[in-house]
Structure formats: C-alpha cells, structure tokens
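Shared between the two complexes below is chain A, which pairs with chain B and chain C, respectively.
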Partner chain A sequence: MTNRKLYVARSPRIAARKLGEEMLVMSGQGSTLFTLNPTATILWQAADGATPLDEIVERRICSEFEVKPEEAMRDAEALAEDLAKHGILLISEQPIPKPVSSVQESR
Partner chain B sequence: MSSLMQEMGDRALRLGVPLSVQLDLTYRCNEKCVHCYLDHDDHGEMTTAEIKHLLEEMAEAGVFILTLSGGEIFLRKDFFEILECARALTFCIKLKTNAVLIREAQAARLRDLGVESIQVSIYSHRPEVHDTITKVKGSLQRSINAIRFLKSQGLKVVVANVLMTENMQDYHDVRELAGELGAAYTLDPTVTPMMDGDRSILNLNAGESALHSLFRDETFVGNAGEFCAPPPPPDADSMASLPCSAGHTACYVSPYGEFYPCVQFPLSCGNVRQERFIDIWRNSEQLKEVRSIRLKDLSGCSQCAHGSTCTRCPGLAFMEGNMRGPSTADCEKSFARTGIPSVNLLAKKDKAYPPRLVQIQIAPATAGN
Partner chain C sequence: MPGLATQVERYSVVISIGGVSVRVNTTDADFLELLQDRYAGFMSAEERAEFDFNVDLSPLAFADPDADVSVTCRSGRWFMERGDFRAEWEPATGTGRIYQSANPYSIDSVLRIVHTLVMARRGGFLLHSASAIRNGKAFLFAGVSGAGKTTISRLAPADAILLTDEISYVRKLDEDYVAFGTPFAGELAKLGENASAPVAALYLLAQGPANRIDPVAAADAGRELLANMLFFAADQRLVHSVFQAACDFVHRVAVYRLTFLPDARVWEMIG
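And now, the complex of A and B:
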C-alpha cells in the first residue's frame, strides 16, 4: 500500500447497469462488456472523483467484508488500475472534477 | 452475441429484467421508403418531459441496452437533449437512422456522448436504386457522407440492408461499400407487414429464388452444406425453448407511449403515459400470454420438421392472426434453406387447391320471369 492519495471516478464514456448483485459495464473502447463482482460494484458506485480511495475502502468495503484494511487497499488499488486500463475508471492523485455532462450514480 | 452477453441475457431472464428496449422517438421521416411498415403522420408523440421521465423509469427497471429509432430520430429537435439524458442514466445506446441529417458537428456530439453504435440503412450502392427506394434524390450520397463523418469520430457504424425485389442484385456491393467505409454490415431478408396490419408491401419481398441463392452463398452463411442441411428432429429442449427475447428480456415503446413486446409484435400491453413502465412489464396480461408461448404448445409448428431450427417470429405470427400460429415468412425461409416445406406451407398448399366435390351453379333467369 502506498501513502499517496488516490481518487477514482467512473468514466463518462461507459454504459452501466446493476443486474442482480453484479454491475454490467460496457466500455466505450471497442464496445467491450464487463461484469463487476459485488466488491468491485461497491468500489465502482462509490467512485465519485471526490472521495479518496482509502476512504472508500474503509467506509464501504471494510465495513461490509471481513478483510484487513491493508489487504483491502492493495486489492482496491489493483482493481482500480485494472478498470482504468480498460477505460472504465479514471484514477488521479488529485480530485477528479465531474464532466459537464456527468454520469449519474448507476442504478 | 458474445458469451458474456448471452450469460447476462440468461440472468436477466431469471431475474425478470427488461435488459433491452427499443424506443421509437418519432414515426416522422425524411425518407419515404417503399417497404416501410410505419404511418409517418404525427399522432401525438411523447413530449421531451414524458420521454425523460420514461428513461428514468426504464433505468430504474434495469434496462441496459436502449435502441433509439424511428421514423428518423434526428427529426426530433430535442434529440440531443433526450440522448444526453439517456447517457446520464448510463444506458448503452444504439441508434438507428438514415443519417442524412448527420454532419461533422452531429457526429462529434454523438462521440462525446458515448453512443455505442449507429445503424444506417443503405439499400444499394447505386444511387438510382437506393434513392428510388427512399424516394429522396441524393439520399444515398448523404448517408454515405454521414457514415464517413461518424467513422472519422471513431464511432461504430453498422450498415443495414433490407433485401427486396428492387435491390436483390446489390447486396454483395453494399457489403463491399460497408467494408470500404469501415462499417459492419447486416442483411435482413424479410419485408414485414405494416403496423396497422396492411400486408400489401409484402409483395416487395425478394422471393424464394433470391432466398435460395442467398442461403447458398458461403460468403454470407459460412458452410452452405451445414446451413442448408435438413433440420434434426426437435428434441425436448427445442420443444420447451422460448421463441425469442420479445417480452422476456426485451420490449418496444412507440412514440405515443404504447408498450409492445417487440417492434414487430403490435400487441399493445399498455401505455407508459398511463402506467409505470415496470408495472406494465410485470403485470400486463398480454405479456404474460406472450411469455407462455412454447414450441410444444403450437399446433402445426410443434409437428413441423423445422421445429428445432426455425426462426419463427411470434410477432409476425400475431400479424398473421395468431401469436401461437406459424409465421409464413419464416416457413418460406426454412423452405428456401432446406427444400423441405413446413407443415404450414403444406397446409396452405392444400387450401389453395380445394377439391371441387360439390359445385352449385345458379341457373340463368328465364326470359319473362
């Protein structure tokens, strides 16, 4: 785990919808379809660009799952980087402003 | 369809979620295609506010893939306002359009809004054929220009071609044109009746010999021997299978708010101006009826050799008079493919030549009576 603050935001170019406990996500890059498991879905839904990743992990993941904060943070960083590679999530060391036509909370 | 999309479709079916919806924003159109099934007059389209409200209801219901179609969608002055609302609700958006109103600016905006794909109707590579079908001079060139604008923005474009008498020689060239433009290509060999039941446009269908050739064209069907092979006898799985996604994980809403199982299945299940989308989806008696259809329950089709491979459309069957009956267009396709007539075609043949066992003649009136 690093000491840097990371901010994550949902990409405005994607399509997403919750189906059961999972999140269906269509990346704008090549129309690739992904499904996010329940943990990734929580991270995804909390990725508002303003809340640091460590706060999301502490408040939304550690409170719901029996997992050590360090381990959860490592997993969350790896997941965020993986989602960013696919154009699904934006990562920055600064808060990420919402685009003019912002994507709302996925239902 | 990708295996993941198939898996999501199966899950949506189990959960009772309408994963995919086609919403026609208008029936008005700037082309007057000879084969079109719509009445293009405006009989009271939903307002911008009504459509935005419907989009919220659909997102709440779990709709993921939203196809915006018409009529010509760009004739709505509020089209981009609707599209922006739909994208803010994170729908996966597919558009169907003739594209003649798309220029650089519109293409750039579609890219910015993250539209998944745009399907553009092209009937021929020859202007004299395409423009005769659309009844708009210059329409082919404008559609091609639009595809170039869309591709220059990195957007996914699908060229949609309907096979009919006027253009049945041209589908190879249209596919080649699509390739040159960097677009995907899809061919629909069926002209469908008008939504009001008028079947006169069916005489535009390309006919059996064109279908026979198409189904043996390996550049379209792959291995023609396999594609045209006699079907295996229907097994228990085929007998219990669903005919298609209409009413199960997909549905259609007209510009007037009418809710149907599919754009080709004009059985009204309710109106979103009077009821919530999800209430119609869950509670409509008509949808329950559609959902109950299984091959084993269909008289005729359940006895037919094509049961396991038939593409029978319940909507076209409905337009023939019985959603549990055959769809003759699909019987004709099965016959063109395999040379084996369906139970329905055999029955029609019998009816066409009734035995004249009794003949009643009226005696001419006698002069003076």
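And now, the complex of A and C:
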C-alpha cells in the first residue's frame, strides 16, 4: 500500500447498466461486454473522480465486506488498475474533472 | 440529326422493411426484376422513400471474395465493404450508392447493415432469431446457428404468422417493442410475412430431452440478447445505443429459456 492519493472516475467511453443484481458495462470501442463483481460495482458507482480511493474503500467497501482496511485498499488498487487496463475506469493522482459529455449509467 | 446524348433508362423499386423504406435505383431491367422477385411482399407502392440508393452493377476489380464485412463512418458518411460489394451511405441526405455484381446477396447484406444502423439510432435492433405472431402477439426465438430457429419455425402451427426464420426486426414504438416481418430468410428459404405485432416474449433456444420453459435472470438475458444482435459498426455512440436498447428490452419484455424437443407440441406452450 502506498501513501499516494488515487482518484478514480468512470470512463466516458463506457455504457453501464445494472440488470438484476449484476452491473454490465460495455466498451464502445471494442464492443466488449464486461460483468462487474460486487466490489467492482461499488467501485464503479463511487468513482466520481473527486473522492479519493482510500475514502471509497473506507466508506463503501470496508462497511460492506468484512475486510481489513489495508487489505481492502491493496485489493481496490489492484482492481482499479485492472479496470483501467480494460478502459472501464480512469485513474489519476489528481482529482479527475467530469467530461463535458459522458454516457451515464442508466437503471 | 440524332441527339448526341444517350438516354439511360432508370428503374426504381421501394423496399419497405420494418416500416423503413429504401428506394433502390438501377439501370438494369433484369436486376430490377430480380429485386422484385427477391423482395416480393416487401415492395412499397409509395413514391417516397426514407433512403435512396443507386446500384452500380459491375464486376468488382478490388474484390477479395473472402474478405470480412467492414463498416466504418467517416465525416458523417458510412462505408460498407465486403468481398462482393462496396457501398456508401450518408444518413443526413438519405442517399447512398452500392457497387456490386448482379446478384441478390450483396444488396441483401447492404440492406441488413443499413437497417441495423438505422435501428441503432432509434432504439431498435435486428436479432438472430426466428419470430412469429400468434393471437396478436409476437414471439422471438433467438439462438446461434444450429440452436433451432429453423426447426421451431418449421413446427409453427397453421394459426401462427411466421415473420422470419432467421433475422428478426424489432422496433421500439412508444413504450412497446414491436416485431416486424423480414425478407431475411434462413434455411427455410422462405420470406417472412410482412406483418407486425407487439413483442410478448423472447425465448432463448436450447434443444433438450423435454419441452420446458425456464425464467432467465435479467443480466443473463441481456448478455444473450447482445450476443445475438446483428451489429457491424465500430462506432462508440451506436454501440452504446445498442447496449442500452438491449438492457431496456430485457427490462420490459419477458425473457425465457425454451428447451424443446423437435416436435410440434412445443407450440402448445407458446402464445
């Protein structure tokens, strides 16, 4: 675990929809469909670009799952990086401004 | 003194599928006849059409007969290409041009692509599925090749109106999804009826030892629906539209897994 602040934001290139209990997200570039697991879904929903990752982990993940904060943070960083590799999330050490237009999650 | 200009006869037909009309213009009377035969039942007597395509018939010098279909958009103009055709279409003006030899398969593919692009903008879609109307309601039967689309179509009772055994045409009209008949035939080699009805259910086909219907979780339904949709373009906005259409459809329409024996009793469970 590092001391740097990380910020995560939903990629504007992604469309997402919760169907039943599952969050489906689709990349517009490769037409690739992903299904997010419960932790990834929480991360996706909380990824507003303004809330630091450690705050998301503390408030949203540790309260939902029985997990130690350090372990949860390590897992969340790895998960965020994995989602970023697939173009689902954006990661930055600075707050990420909202794009002018983005595809919103629909319900 | 005879005029120097040669007058070229132009022939036109308007093909209306899913309520979307496309005028096809050609200078070849034999090709016109071929189109009239191929799309019988889907010809419109209307003079006006939403889209207008000129067909240039000539052997394609560039053609690679094995080339996959490619659909790209540049500066508001769509370019479609496969081993046997090349086409372009500008939605803003509603006009396009197709380069192909005199065969019915190339223009059929162009029409399928154009309709998928049109529907993607309008919340509808084309689906690898058979469909039929029974008791005023439409039922879709989706699956990959070999799943049973042709079989379920062949087993349809006399009171069912077969819309297609291969490619279903689904539009969102107001808050309802409506299935339309298509001339896009599969192994039955039989055009669908030019009819429409609100969609009552989507069945995901599986063949098994007994006839049964099982519910499908929404996310599974969405994934399978997307997997069976026709879509060709690598265009982010349209991909997102298609995704949202699939999610909206499974939110509004009942989706089931239909496991069936290849016998007509399966239709006792439908409609």
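As a convention for this text, the second predicted complex is superposed on the first by the 101 of 107 C-alpha atoms of A that agree within 3 Å, B and C clash if a C-alpha of one lies under 4 Å from a C-alpha of the other, contacts with A are read in each partner's own complex, and residues count from 1 in each chain.
Throughout what follows, a residue touches a chain if its C-beta (ideal position, glycine included) is under 8 Å from a C-beta of that chain, and two chains touch if they have at least 3 such contacts.
This one's a predicted model, so the numbers in the text were calculated from it and none came from an experiment.
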Which of chain B and chain C A:T35 touches, first, second, both or neither: both
Touched partner set for A:A47, first chain B, second chain C, both or neither: neither
Chain B versus chain C as contact partner of A:E21, first or second or both or neither: second
Residues of chain A that lie at the interface with chain B and also at the interface with chain C: 13, 15, 17, 19-20, 24, 26, 28, 31, 33, 35, 103, 106
Of chain B, residues touching chain A in the complex: 2, 4-5, 8, 11-12, 15, 17, 19, 59-60, 62-64, 84, 87-93, 112-114, 116-117, 156
Chain B contact footprint on chain A (complex, rising order): 12-20, 24, 26, 28, 31, 33-35, 101-104, 106-107
Contact footprint of chain C on chain A as seen in their complex: 13, 15, 17, 19-22, 24, 26-31, 33, 35, 103, 106
In the complex with chain A, residue positions of chain C that touch it: 217-219, 221-223, 226, 231, 234-237, 239-240, 243-244, 247, 250-251
